[in-house]
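Common to both upcoming complexes is subunit A, partnered first by subunit B, then by subunit C.
Right after this comes the complex of A and B.
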């Protein structure tokens, strides 16, 4: 027990240090990229309008065009340490508020896609593994290979064309209906707007988890303990449920958590296609229009998001799975 | 013609055997270099009889395919294997369907190590096995009784396989066989790495099972362990049985043993003459159609290299040799 708590302490310390380093590196890199970008935020902001040099000077001051990058970063860092992420230049409101609003929308999208891909992928993987070598297995495998080769944005576009434009089952885009006051938007409205992007994003996540589950199940089903279970009269689906699913579930869930980065990346593209008002779209906007505080804020939150996914996977791996503990004890 | 002779030999022994294995051959298909398929023979023309109330030891060197014999009887061989010959259980043909029906009920396997336990399932659930809801209480009770008999603390039931010590694991594996009312128990290499005391204790469990009326097949590489508790010993060599002898025949200089290999094996034991045997057991691809023991045999004749000798009954035992009578 004592060894366990010591291990936990070391684990926690290591992870926190890692997170701090990661965030520092990622924020510096992002700022450097924005600084190197040839985009002039002021000219994008004013567009085709003509302005006086005085007005231009004010705008340049506002966008911080002439402030050196390291000074910008240190200012920003000082504020962040005080708990202030600054104000978004394009939305003209605190970055924390923008992120809160956008992240909630994205979270709903990513969570439903994540669950969809996890459940569907796992079930398909179990079926394929059980029917290893039969035509059912071949169909599922082919489906997975096709999915793996499909670009996210393309699938999203095709789905939008088929289900929104031609069949008219779902709205073409956005997160809420147009022309309806914010207070009148119902949960159903939001759901309707969520379904198609969530399916598009979720379907793409099916392939890796299904292939992994299939491999793992085949491995488990050829293990000694399944052989022994057979020798004791267990068979068919009961056997797969009792020993197969039990032993495959944990590694599959771990993999699903490790997929947070792909999930976030996919969400960015899908939100773009569906004009879904999530964090991904805000990130694209912030990048294109040089909204440094917002971009850095989003970078931090997405780093944290992916980090948490990996962390959960690590925890499952090191603390929950008894097989890993066993290996450690033997070592 | 051949099988008729066999029947006569085997049925000559009086009481009916619970399990009869006749002319069993087992081979595997393998792909070697590209798409060429080769057949690898593991067991050939194997004959066995297991009687209720007796321990039959099948002794052979490690890695010679003895475990596959157990898997063949239980019908859990991999799909790339081919089995021929016949098996009879209680006088009825033991087909694959029959095996599936009987395994876990009347026929039990005691596996060789904890890798045969589900790493993520609590011991008590594994020992009771997959049971219907209505039987659950009964099986739990039976499991607790068995644990008590085998000196396993009640909290062992809550453990996971990796938490068991070697001795505990052994007793847990043995106790799985007692959950059903098994009549035929096949113990596959149950004694490796046990110290003297645990070894005797484990062997006693098997003897007890036999005393209660089970037929026990003890598959082992350890002839000394087999000598301690068996009623009959079958010597497994190069995929077949060379001799089956009653335990009483293993005395003095082995003069009652019929096959030269069995005699050499007996005399190689430290407490006997501690005599080294020359040569090695042939691999399946080194066999050339004659007696499998030809290369190392001291009493071979020219005929021995032509055909595999038939198994014949001499006294109380069976032997596969041309030159003994």
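Right after this comes the complex of A and C.
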């Protein structure tokens, strides 16, 4: 028990140090990159308007064009340590509020897509692995290969084309109906706007998890204990359920947690296609219009998101899997 | 990806053995990619010109992919876009491979070097790729350079990881220890003993990075951070098509995306089959 808690302490300290280091490097690198940019945020903001030099000077100060990068970073860092992420330049409200609102919407989308791809991928993988070498396996494998080669945003576009434009089953985009006051938007409305993006995003995540599950299952099914189980007379689905699924589930779940980075990237694209008001769209807006505080906030929150995914995978790997625990005890 | 591509065991290819089929697939896929590339490079620029007499035509024999709202032939635009994508993909995956060659060999030179490399790999895997490409693209002011470098900078991590594991194994070999004991430097050992082992891995790695690179290029361009809107890139074509979806002009989105999918799939098949030739152990799985 003592070894266990010591291990936990070391693990936690390591992870916290890693997170701090990661956040520091990521924020410095992003700020430096954005600062390097030859794109002038003021002229994008002005667009075709004609303004006086004085107004331009005010705008330049607002966007912080003339402040040197290290000064900007120190200012920003000082505020962040106080818990203030700054104000978004385009939404004109605190970055933390924008992120909170957008991230909730994105989280609903990503969570449903994540579950869908996990369940569907796992089931397909198990079926393909069970029927290894048959036409069922071949169809599933081909389907996965095609999915892996599909551009995310194109799949989303085609689904919108088919289900929203032609069949009219779902609305053509946005998170809520147009022309309805925020208080009157029902849960059902939100759901209706969520289904199609979630399916589009979820379908793309199916391929890696299905391929992985399939391979693992085949590996497990050729092991000695499965051979022994067969010799005892176990067969069919019962055999796979008792000896296969239980062994494959944990690595598959771990892999699914490691996929948070791809999930976020996919959400960025799918949100753009469906005009879904999530974090991804905010990131694109912030990028195009050089809203540095918002962009930095989003980069940090997404890094944290990916970090949490990896952390959960690590925890499963180190603390949940009884076999790995056992091995370390013996070592 | 260690699985082999599903092989067609029936029909036309039946009389050939696995090796012949593999080579045939490689030739066919290379031909497809090369044809697309050359036809886009030597395309008559007349084909891309606007012709308001034939706006928004649905696919027909004359315009197999239809025409857009400026009367441009979508087949020509798609081909040009694919050519661009392939060029960007080639540059970006070469950059990625060069980075992983460098970092992989660097990791062979002692413990500190190795932990630096593994820290870098972790770092690059912990930011969503797409966001990082967007940041790099913003940093370089967008355009082709921005995308190529952005995509190149984000795709080396996976290959480097594989190479690092391989190097660890190679380093346990006797001849490496003997070389070191004879006083050869780390650089010499890396160049003469380790690099030759890894060359097939790197060649294959480049081809396998390539599809990801094209997909990411198209995605970033689609979001508005990549190639400029004047180029006929697939990402641009698809983001423009979004304005016309409600009008029912489905061919604007369907065919260009499908063509991109086919190119990506072709390169994937090419890579898998080349891998089978280079690593015969894998072919028997």
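Methods note: the second predicted complex is superposed on the first by the 328 of 331 C-alpha atoms of A that agree within 3 Å, B and C clash if a C-alpha of one lies under 4 Å from a C-alpha of the other, contacts with A are read in each partner's own complex, and residues count from 1 in each chain.
By definition in this document, a contact is a pair of C-beta atoms (placed from the backbone, for glycine too) under 8 Å apart; a residue touches a chain by one contact, two chains touch by 3 or more.
No experiment lies behind these values; they were computed from the predicted model shown.
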Look at where subunit B and subunit C land on subunit A after superposing the complexes, then choose clash or fit. fit
Tell me which partner A:150 touches in the superposition: subunit B (first), subunit C (second), both or neither. second
Tell me the contact category for A:235 with respect to subunit B and subunit C: first, second, both or neither. first
Which partner does A:243 contact after superposing on A: first (subunit B), second (subunit C), both, neither? first
Angle subunit B-subunit A-subunit C between C-alpha centres, in steps of 10 degrees? 80
Partner chain in contact with A:227 - subunit B first, subunit C second, else both or neither: first
Once the two complexes are aligned on chain A, which partner has more residues of subunit A within touching range, subunit B or subunit C? C
In the superposed arrangement, which partner chain does A:25 touch: subunit B (first), subunit C (second), both, or neither? second
For subunit B against subunit C after superposition, the smallest C-alpha distance in Å amounts to 7
Quick check on the complex: what are the subunit B residues that touch subunit A? 71, 74, 76, 78, 100, 103-105, 108-109, 111, 113, 115-121, 129-130, 160, 162, 176, 180
Contacts from subunit C onto subunit A in the complex sit at residues 1-3, 5-6, 123, 125-131, 134-136, 138-142, 211, 215, 218-219, 222-225, 234, 238, 241-242, 245-246, 248, 250, 253-254, 257-258, 260-261, 264-265, 268
Subunit C touches which residues of subunit A in the complex? 22, 25-26, 29-30, 32-34, 36-39, 138, 141-142, 145-146, 148-154, 157-158, 160-161, 165-166, 172, 211, 214-215, 261-262, 264-265, 268-269, 272-273, 283-284, 287-288, 290, 295, 298-299, 302-303, 306-307, 310
Report the residues of subunit A in contact with subunit B in the complex, numbered from low to high. 222-225, 227-235, 238-239, 242-243, 246-247, 250, 322-323, 325-326, 329
